[in-house]
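The same chain A turns up in both complexes below, where it pairs with chain B and then with chain C.
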Partner chain A sequence: MTNLEKYNEAFINSLGVEEQQLQGLTYQSVDTWDSVGHMQLIATLEDAFDIMFDTDDIIDFSSYEKGKEYMAKYDVEL
Partner chain B sequence: MMRMIDFDTLFTIPPYALKKIEKEQLHKQYLDRLFEHHCNACKPYQQIVRVLGKNPPLPVRLFKKYDLRSTGNEEITKTMTSSGTSGQSVSKIYLDRATSARQTKALSKIVSDFTGKSRLPMLVIDSKAVLKNRNMFSARGAGILGFSMLGRDLTYALDENMNLDWKTIDAFCQKYYGQEVLMFGFTYIIWQHFYQTLKTRNKKLPLKGILIHGGGWKKLSELAVSEDEFRMELISVTQLQKVLNYYGMVEQTGSIFMECECGHLHASVFSDIQIFHPENFEIAEKNEQGLVCLTSLLPTSYPGHILLTEDEGEILGEDDCPCGRMGKYFKIYGRMRGAELRGCSDTYEQH
Partner chain C sequence: MAFWDILEQYNINTALVMENGNSLSYKELLDISDKIGLCFERRCLVFSICSNCAESVAGYLGFLRHRIVPLLLPEQTTSELLERLLQTYRPSYIFFPKKHDLSICGNIVWSGESYILLKLNFQQDYKLADELAVLLTTSGSTGSPKLVRQSVKNIEANTGSIVEYLHITEKDRAITTLPMSYTYGLSIIQTHLAQGAAIILTEASLLEKRFWNLFKEQCATTFGGVPYTYEILKKLNFKRMELPSLRYITQAGGKLSKELSKEFSEICKYKGIEMIVMYGQTEATARMSYLPWKFAQSKAGSIGIAVPNGHFWLADENGKAIEEPEMTGELIYCGENVTLGYAQNCADLAKEDENHGELQTGDMAKRDADGFYYIVGRKKRFLKIFGNRVNMDEVENMLKQEGFDCACTGVDDQMNIYVTDATLLEKVATFIRDHTSINRNGFKVCFIEKIPRNEAGKIIYSRLKLYDEND
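What follows is the complex of A and B.
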């Protein structure tokens, strides 16, 4: 599986969304991406890539696209 | 149209760095803007200030009786409630995305000043069941979620029936043996469901690190447990180095007041405290007990930036706590006599 597939899968599994919904998906734009869903998503990403986000980055991880920037910060190439 | 309030700048300031004069200037500037914003955006607030003048402290009770919000219905993403005891009305606090993001940010800035920047493995002394209704959070649920960003490998120590989940706890202790962890929970729940079970079974858990707890002493004082006793007893059933309390209210989530290593509650850059004499509402001096009035610079979705609580407290000093943190530090004595009996986040439904 490529990193991008892993990244997408984390969203799909922890937020219960479809792949087509990912582009443009933002925090709280779907019911499941609330603060509970957010922490599930973060935990899933951390497990999948074996990284640990700074608290500030967890808070600012506000969209599917924005998240990609943060992955780069943790040396994950998508 | 509301002038933009520059919260980005606020979040660049370390939470305990400002001295009295700098903080006063900063707060004046933000409170002016907040006042203007809430006047424009909340009709009932506008009516209140017409009578009471600029930036009046609003009694927390008003949030039970009235729907006070400064944002349109469609903007509200979360409603928080104080979990008042049965038969009482609850406060309803309406949050939009911007306000709740700000609350989380402030909480993380404040708490990481005590826990350090790295996210420690986290044991929550509560049950996952608290987070069941995701749209209508109790103060307890919101507290857990807010703090959960500061930890990692979030683990719940209690099962759905509020009993210790031994298997989970043992696995957690084993996994992080010898490492610092972050424990979090509500004072009464920790005492009743964690400490007492361990004590009865004469068990000591190999948990090192820091325990942060909050949610009121009302029920604990019924059990005649003092703050010091709580700290000592919790240390006796674990290997914790620090047990720190925090004070805050659901009406001003995020900008909590952490207790420092010297046992003093501290106002941060996001908050402030004043004490009023309850008889004449004059501002009390340092070391005089009175009614607690709290400021938070965070809320824009409801007019809760200056609130009159029903708690009694005393300011102990400003900018000179031995812990080195700037700002006012204080002590809370509990609910003011004659104040309405009020649930706090440590109330929970009995199963």
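What follows is the complex of A and C.
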């Protein structure tokens, strides 16, 4: 599985969304991406890529696209 | 005189701070409140869809100051539940955010920046008891129209007790982390207003940058959290967060695990702030007990002692008081904050006090030799899901009415719904999503071949629970 597939899968599984919803998906734009969903998403990504997010990145991980920028910070190429 | 009648004493203090940094003094707040309050022709019922914004708070104060009885509802109230509540309670007015497109007929009698007050066409053909002040929902998540009736005296008594044990002063600046329609969130707002303190209003969650930016810019001194809030704070490495203005944090809305309790009391000690664990219910206005900070570590896991002017006792199976320590019984609370009772329909709004200052909490507890109380279980079958009470029997009944063979168990923050038809898992999940406001991440639908029942046909939950661990 490519990193992008892993990244997408984390969203799909944690937030119960479809692949075609991912583009432009933002925090609280779907009811599953609330604080509980956000915590699950972060934990899933940390497990999948064996990384630990900094506090500032967790609270700024506000969209599917923004998240991609943060993944780069942790040397995950998507 | 209740505290809301004498807020003019704080006229020049800052009352509310908004997300954009603007603020309202008590004088400015009361001006809006009284404009709203004066729109009513006579004492009546109003539905108020709450949010953490200035006009929502202003409306609430306006209602209290003009003896209008509000039912406080969360913004997430489904249109289905709202409709059922409207038909059941026939309110004279509804106060709600303009951005909500409620298709309700009525006349606009007040319109502010973000809220409007609509006069509805219902005839008020029922009475409101003299002492009735506020109505709150009990288990909004399953859509039951059952309400708790709170009196002026209830709110006054509880506000006074909380202000006393938390030492809230006019220097405090509380930032909102909980919905205003939720008894815990409401009590934070009320106790700060009563002291002439400031409230920083935000709809942002602790997982958003703008929350923490506002927190720092506006020098918040306190906030409250349900157990899940503490999971978030742990994930955010709260220990390392620079929050110099923070004086103390509170916890309620469900039992914090002993581990998290210990961990956070250590973190707070390290940070030089206090953490106050509390216990309460809507039926007791808000708070019944607190764990004084000096006992946070030695009594971790305890709900502490009764709030000032309140009293606890434990009842055995026959309703007799248990005197010995370390014995489990139902926790009974006595105090002036015990609410009047429930309402199931508008005729119930005329009822006087039915509880007479004594509340059977439905929680099983024990008391240690030093007089500290510990919750050990529940008498009734309900869970706390992210701070909200969910009655599992109600969920089962809702599903059974739809023809699903099911049974519910679980632990706080994780309800398991067992169904005997593997093809219906998605359908049941969709039904719960559409008809309740139970958090989507707070339940799971699982397949079970047969629901364990005893000879009388009663579900054996203890056996069903064994499946929980195998998930």
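Everything that follows uses one rule, which is that the second predicted complex is superposed on the first by the 78 of 78 C-alpha atoms of A that agree within 3 Å, B and C clash if a C-alpha of one lies under 4 Å from a C-alpha of the other, contacts with A are read in each partner's own complex, and residues count from 1 in each chain.
Here is the rule we use: a residue touches a chain if its C-beta (ideal position, glycine included) is under 8 Å from a C-beta of that chain, and two chains touch if they have at least 3 such contacts.
These figures come from a predicted structure and were not determined experimentally.
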item	value
Fit or clash - chain C, chain B, common chain A	clash
Chain B versus chain C as contact partner of A:I59, first or second or both or neither	both
Which of chain B and chain C A:G16 touches, first, second, both or neither	second
Partner chain(s) touched by A:A72 [first = chain B, second = chain C, both, neither]	neither
Against chain B, colliding segment of chain C, chosen among 39-47, 75-83, 165-173 or 453-461	165-173
Chain A residues contacted in one complex by chain B, in the other by chain C	27, 31, 34-36, 39, 55-56, 58-59, 62
Partner chain A, residues of chain B touching it in the complex	77-78, 97, 100-101, 104-105, 108, 112, 117-119, 131, 134-135, 145, 148-150, 152-154
Contact footprint of chain A on chain C as seen in their complex	205-209, 211-212, 228, 231-232, 235-237, 240-241, 386, 439-442
Parts of chain A lying in touch with chain B, wherever the complex brings them together	27-28, 31, 34-36, 39, 43, 46, 52-56, 58-59, 62
Touching residues on chain A, where the partner in the complex is chain C	16, 27, 31-32, 34-40, 42, 55-56, 58-60, 62
